[in-house]
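Everything on this sheet refers to the single structure shown next.
Letters are used for the chains, namely A, B, C, D, E and F, taken in the order the chains are written, and counting of residues starts over at 1 for each.
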Amino acid sequence: MEIKKISEVNVNEEFIAFLLVSKVEVKTKKNGEPYLSLELKDKALTFQAVMWENFENVKDELEPGRIIKIQGTLSEYNGGQQIKISRLRVADEKDGIKLEDFLPVSKRPLDEMLDEFERVTNSINNEYLKKLIDSVFDGQLKERFIMTPAGKSWHHAYIHGLLEHTLEIVKICDLVATFHPEINRDLLIAGALLHDIGKTEELDYKKAFGYTDKGSLLGHITIAAIEVEKAIDKIEGFPEELKNQTLHLILSHQGKLEFASPVVPKTLEAIVLYHADELSAKSNAYKNAIIAESEGDKKWTKYIYLAETNLYIPDDLQKRESNEGEISEEKNHP
Amino acid sequence: MEIKKISEVNVNEEFIAFLLVSKVEVKTKKNGEPYLSLELKDKALTFQAVMWENFENVKDELEPGRIIKIQGTLSEYNGGQQIKISRLRVADEKDGIKLEDFLPVSKRPLDEMLDEFERVTNSINNEYLKKLIDSVFDGQLKERFIMTPAGKSWHHAYIHGLLEHTLEIVKICDLVATFHPEINRDLLIAGALLHDIGKTEELDYKKAFGYTDKGSLLGHITIAAIEVEKAIDKIEGFPEELKNQTLHLILSHQGKLEFASPVVPKTLEAIVLYHADELSAKSNAYKNAIIAESEGDKKWTKYIYLAETNLYIPDDLQKRESNEGEISEEKNHP
Amino acid sequence: MEIKKISEVNVNEEFIAFLLVSKVEVKTKKNGEPYLSLELKDKALTFQAVMWENFENVKDELEPGRIIKIQGTLSEYNGGQQIKISRLRVADEKDGIKLEDFLPVSKRPLDEMLDEFERVTNSINNEYLKKLIDSVFDGQLKERFIMTPAGKSWHHAYIHGLLEHTLEIVKICDLVATFHPEINRDLLIAGALLHDIGKTEELDYKKAFGYTDKGSLLGHITIAAIEVEKAIDKIEGFPEELKNQTLHLILSHQGKLEFASPVVPKTLEAIVLYHADELSAKSNAYKNAIIAESEGDKKWTKYIYLAETNLYIPDDLQKRESNEGEISEEKNHP
Amino acid sequence: MEIKKISEVNVNEEFIAFLLVSKVEVKTKKNGEPYLSLELKDKALTFQAVMWENFENVKDELEPGRIIKIQGTLSEYNGGQQIKISRLRVADEKDGIKLEDFLPVSKRPLDEMLDEFERVTNSINNEYLKKLIDSVFDGQLKERFIMTPAGKSWHHAYIHGLLEHTLEIVKICDLVATFHPEINRDLLIAGALLHDIGKTEELDYKKAFGYTDKGSLLGHITIAAIEVEKAIDKIEGFPEELKNQTLHLILSHQGKLEFASPVVPKTLEAIVLYHADELSAKSNAYKNAIIAESEGDKKWTKYIYLAETNLYIPDDLQKRESNEGEISEEKNHP
Amino acid sequence: MEIKKISEVNVNEEFIAFLLVSKVEVKTKKNGEPYLSLELKDKALTFQAVMWENFENVKDELEPGRIIKIQGTLSEYNGGQQIKISRLRVADEKDGIKLEDFLPVSKRPLDEMLDEFERVTNSINNEYLKKLIDSVFDGQLKERFIMTPAGKSWHHAYIHGLLEHTLEIVKICDLVATFHPEINRDLLIAGALLHDIGKTEELDYKKAFGYTDKGSLLGHITIAAIEVEKAIDKIEGFPEELKNQTLHLILSHQGKLEFASPVVPKTLEAIVLYHADELSAKSNAYKNAIIAESEGDKKWTKYIYLAETNLYIPDDLQKRESNEGEISEEKNHP
Amino acid sequence: MEIKKISEVNVNEEFIAFLLVSKVEVKTKKNGEPYLSLELKDKALTFQAVMWENFENVKDELEPGRIIKIQGTLSEYNGGQQIKISRLRVADEKDGIKLEDFLPVSKRPLDEMLDEFERVTNSINNEYLKKLIDSVFDGQLKERFIMTPAGKSWHHAYIHGLLEHTLEIVKICDLVATFHPEINRDLLIAGALLHDIGKTEELDYKKAFGYTDKGSLLGHITIAAIEVEKAIDKIEGFPEELKNQTLHLILSHQGKLEFASPVVPKTLEAIVLYHADELSAKSNAYKNAIIAESEGDKKWTKYIYLAETNLYIPDDLQKRESNEGEISEEKNHP
């Protein structure tokens, strides 16, 4: 049997495929015997799967984030589809399979984004803020920061999404700083870089972007505030006023109490960061929602709860997407 | 008697000064005789004024927006200050006085902004949108557009404020368009240029930024939509879909029904325009609120209702303002 | 085979029937071949239908609002019912079928309503408002106005519903005008007649009361305001103050910003129109919701989202409906 | 000294006048001696008054609702005006002064309203509801019902206001009942008559429309429900279903929980009563707010909190008010 | 055939069981013949059931709250399960079956709660309040009070739940009264005992905790207020001020208008009662929601609408539940 | 001159008194010379004060929280009162003056509260939580914790208020824990003790309960979370799950996002803590608001914004307060 993409498998067909594990449970049949119940993912699809027997020796290796190779059959069940697994093993290095192959990934090249990230961190002149950024994005956190999506499903919900989102906000903030010399540009950019780092612990991209217990109980804002406070504590001479303003940027960046910020923006930099975040998040989210339903001559998406409306799909959207190159050429204006 | 600035006059001092009329009423004394009651403005201050007699021959020339030359006395009345006018005439050309001398004005040079405005309009490639912009900003409307503030008191509330605000939004939109090839850049920029033109009829800058009757009864959004619809009607071949999307940008630009938009944003361009508008408006408003109370070692403004908080005044704000040149030099980064 | 009403057809029965097309799509089978997917309506029911082959020569004639004659079978599919069509043609004049036969229709006789409408328009004394009403309800718009429902599903959601709703509001406004001589009765009645005309373009009754693209992007309030503003522009000497007040009635008639009015009611006539509209709309909506579930000894409807509750069905409702004549006789009181 | 209207008295003038007592307190001077502090009212004005001595023998007769004859002086105090009383006695029958002379009164003739009220109660055919209305509006309650205003300050805030308001609602309900045979007209009219009777105990018109303790602790809705429930209990054979529906009309008539109704409207009659109440209340309130500020060529009232806006004063308002007769003549239309 | 618990029956198995009737309807088959449609309940489960024939002679005995003995088969239908009944009779005394066997019941022993209830009523010193409590909880109401749940599904939703909930509130109020001598403890405890008695008429525990018509149309708050007002009326000399405060406690106990209280808390006792009620209700509701999903190593419940979140299930919850005795031993502290 | 209480000083009288400094500013006279502007407080009153000269040598010692001895005159100014200071020195030990003499203080004896606090901390059995409490309330923080009020003005707004409030919550939580064995009592009590410790840095009782910069920019919730997280970090073996739950109690204790909690309560302990906090805070706040206006036969307080109503003052409130002893005697019941 040949290895297939799950999207090409027909109902009742037997197949072999690699899939990503997003949930694992051992459940009990009516007759009291255990069976394995899995949730498996491919880039765009999610499947329920069961394995009735012979899973004892592999069971302990399974956990969310693992890629497995299975042999099974796609069958109909309860009005939906279910995979019945006959054989299963965890993929290993020789299979040459990567997590990124099973999860959506940013369209921007990673290298380009990493270069940009480095240029931004180097543009910070204030010595304390520079040290802070360097110490926070040091080693392990940066690695997770690069991989993590910016959200579970709404905006930038893909691998490298948090990095892409952060860079968009930085550019918007930098532009607005040119309008107002009163803005402390270094503070604003540092805040932009740090504001969402709590998401690296709130979201677990290996669980296909699920929340961690810590994330649900504390929230990414508090996680980030604690992290940054500790990093500042280790920098000698970091001014108290600057520390309070930096933490304030993190705490207030969702703009309103009902959006889970424990304080509202009270500084010029904080109000800019909040609205830059909104602009980046919403434009990405709307774009994705429209593209996801752009097919044929369909003019409207389904009702989108977070937008409180359905969205319009313009006639020329598809042309626009494919002509990306030309469009950016036209941009030689102010 | 020398001509004085009203801010330099002491209580009970007699003086001569030029002031801007913002309200005119003829009222009646207890004894049944008429007297003249005026509201007068200088750049930062507003005064109640009365003229008890000898105003009959000048009365009909007075109306909001007129600059007058008065001789009078500053006296205390009812816990506040009041000007008692003994002589009054309307200023004429020979006095060399301009409206801009009595109202706050944008800090950006007008010429620079007009150049930028022209470059932007010329960057629109779509022939129908280009024609639309050219016909709308033709003659009289453009003149008012240049003079009008963007708001009565909250953000960009000064002469040329609407122009400054519009250009900020255009730049933000242009940046975001580089993130998303799916954005119809011409449509977005045209929407940015047109979205607030209703304010030229809603606000009367000659009344020191008061609302007109039409403005209060219709609102600037509907005024703009009607104006633009009529202009489109005169352009042969303007595509129906493009027309609906253009009007949608104007109608939805306040983002939420409760902010007086009759429809919420339903296109990618509309959601970008709404958040770009918010970002420009709020950063300008917070900046002005902070600067207005920045004095001595004061750390907090009074409670600002539209921000739902009081705002923080950083230690280094004043240094930052005065060093404007240097700061913009540091900006050689991504 | 005899022509049947679709409501009388049993599962797995073959039948011939006339039905109204509300959606048309050409989709693709797994094997890559095209098939026709339709949504078909009868007065009370909606069906999904498929035609697997032989639809090429009829396909281009199909569009929402068309009545078709089909031969097919009613089958179960995915827990619901589906029509499999074997033969299909568009109905023609000889079939003697009308759109009204497939859509719900007002219970008030149309002639009676048209008479009443004419008496109302003739009762307007103000020459400018009379001209305005005459020019707006001239020809094509009046035709659509008569056919259009007042809503998609909530109130007066049937053919002639907008006319019935408008006449109810006019009568309520006329009564309230007798309470307050301060009310400008002509202005109020003109506003009542005009306030919802945008619905003739917002709703497409041929699509079984779906929204048009223009309707979704602009909203019926703005559509009406633009329409009326253009009509006023053509009437010489129409007073500016009257124009602003008339447009204000249209713009504010939903009473609150969050109900999509861009301005709240600011005149006496506007507040009366808003509440008269509410009274007509809500009483119609509640009545229909209660009747729709009135059967047997059921005492409560299901939860109704727009009412935020379930509604009570009184014991004597059905007696009351059938005794309509007698009840109106009892009404000889003040 | 001649008896004067307080509105004609000048500052520092001594005068004699009749005034209505709305508050009475005995306070203590710095030196420990008691003095009398009063709040006095005339139709449109409210005054603080003090009497320094010689009030012991009259003190116990004073209470809100009493009319007194005073001699005193109008003086300025603390930026406002204050009456210093030198002599004071309670008015008696010989003075020929009535409460209505000191409080605003409905413009509709009382006799006309009482006739109408009787016709309405006689038009109820259902024997149980007829008995209920007769027993509730029996004797003492009817007397208070006739005198009480419908509100403290917002709508129908004058003597006979509750009666006027109730009759407006009855007429609106009767009109809407002609639209829908499904409406139980007797139930609806009975509900309209009863819905606000709790205000006779909630408001004390003798205290110039202040709230009673009972009114503040229970609210007029519960007071009415208890009253009506007791009256029904005494009517033999009153059907349980009719009782619950009648009480429901009272309880739900403010339409929403946040407007202090403990249940939302769940019957057809209840939704009609709620919106008829709104229509009567709001049109009366807006009219009064506009008239109160209609003077000269003023175009806008001050900001009205309950309307959430300022209101427009049309040019022809005053003409309209004075021509009341003619306007009602024009009304010979449908 | 042996009598079974319904939870032990397998699909397609024939069985005999006792079940509680919660809904009864006679419906019509396609062929026009009647059939019996029932909703049946066991402690934790709800079933749809049909009986196709031979139900005429038993039909009239069936009503919600009856326990019946059936013979039937459990079959799959429409994706769910359905009981097909072949034989049916109403249970009688000889069967020895009680309602409590079919509904969830409080875990606190009833005797213990009744003792506590008596001690509380005897602790009221104020003679009027003591008489009031005694007369209200006299005979029939007390019986229903003891059986009724405190809610339909959210908190204390089981037999004796209202009693358990009331006693919790009493204890909390008694504690808070020790903090503040200003609290009128007798009034507060009387209010706590009376505040929810309307639920005995609002909820029908025999219908498995459904609402009565009266309950839906009036609400339990008004039902209680009427009941208590009548009881007070019969107690000679009951002080007016005390009466108003007692009724106020009932009316305001849901704390906010939008939670269906017609007045907000305006006394010290009222604010304590409201928050004591919240504390008892919410802690019970959250506990039940967590326990209901506590199984295996599950860490989170599903999304709970009334909590606006999903709830965390701690690791040691199950140990804690089973060790109840030990835990209460540790409690020898302040 | 004798030392006086400021409340006994008359206008224009010269006096000597001790007062608490709450604000200090050096301002500039019209003539350019500096003068000293102070805000001074006594237990109940706040005064503006000026010192025109001779303040240079004392100026640097002045700061909020200092007690000073002044000689001056009380004069009227701008409709209020102002102190003109002629001599001023900072109080020293020999004056025997304490901060508590100038600020409101809890009525509960401090020793009693400290004993209770110790018993509570000792009742925690869990070793990790016990260590955490001991380390947090170690030394400096405990000192501030004992002095700090629980709020600026609403509830427990007096010296020792935070301690009193915390102990009330602990007792309520302990009672509720007896209802539910599922509650982790140690966790709940630890959370109760820790939840408000951020107020020791948010509020500065030396500034008469003003906010610190850090408090305004971070909020007391985040301050506490950071503090506790650091303390936990130093306790070896502290379980991760326990840590997250403890931090969750602090973060969610205000119950709703709009009340500034960044996460809503998601555990049983968290929902109990939130409502216990509400109960303690609201009952204290209402009591104080009622007592503050309890004088003569006044029945109602002014409108209280945080209660959204005015509050009722019962007749017997004063008797109740003075009879405190007797009332607590009656409490020998369940």
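Heads up, the rule we're going with is that contacts are C-beta pairs under 8 Å (C-beta built on N, C-alpha and C of every residue); 3 or more make two chains touch, one makes a residue touch a chain.
Note that this is a predicted model, so its numbers are computed, not measured.
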Both-way neighbours, i.e. chains that touch chain F and touch chain B: A, D
Listed chain pair C-D, B-C or B-F that repeats interface E-F [over half of contact pairs the same by residue number]: C-D
Distance between chain centroids, defined by C-alpha means - chain C, chain E (Å): 45
Centroid spacing, where centroids are CA-atom means, of chain B and chain E in whole angstrom: 61
Chain D: positions in contact with at least two other chains: 79, 213, 216-217, 241, 245, 248, 266-267, 310, 312
Chain contact graph, described as a line, ring, star, complete graph or other shape: other
Contacting chain pairs - touch in the sense defined above: A-B, A-C, A-E, A-F, B-C, B-D, B-F, C-D, C-E, D-E, D-F, E-F
Of chain F, residues touching chain D in the complex: 79, 296, 299-300, 310, 312
Of chain D, residues touching chain F in the complex: 25, 78-79, 213, 216-217
Parts of chain C lying in touch with chain D, wherever the complex brings them together: 116, 119-120, 122-123, 125, 168, 170-172, 174-185, 241, 245, 248, 264-268, 271-272, 275-276, 278-280, 282-284, 286-287, 290-291, 307-312, 314-317, 320-321, 323-324, 327-328, 330-331, 333-334
In the complex with chain B, residue positions of chain C that touch it: 213-214, 216-219, 221-222, 225-226, 229-230, 240-241, 244-245, 247-248, 251, 257-263, 266-267
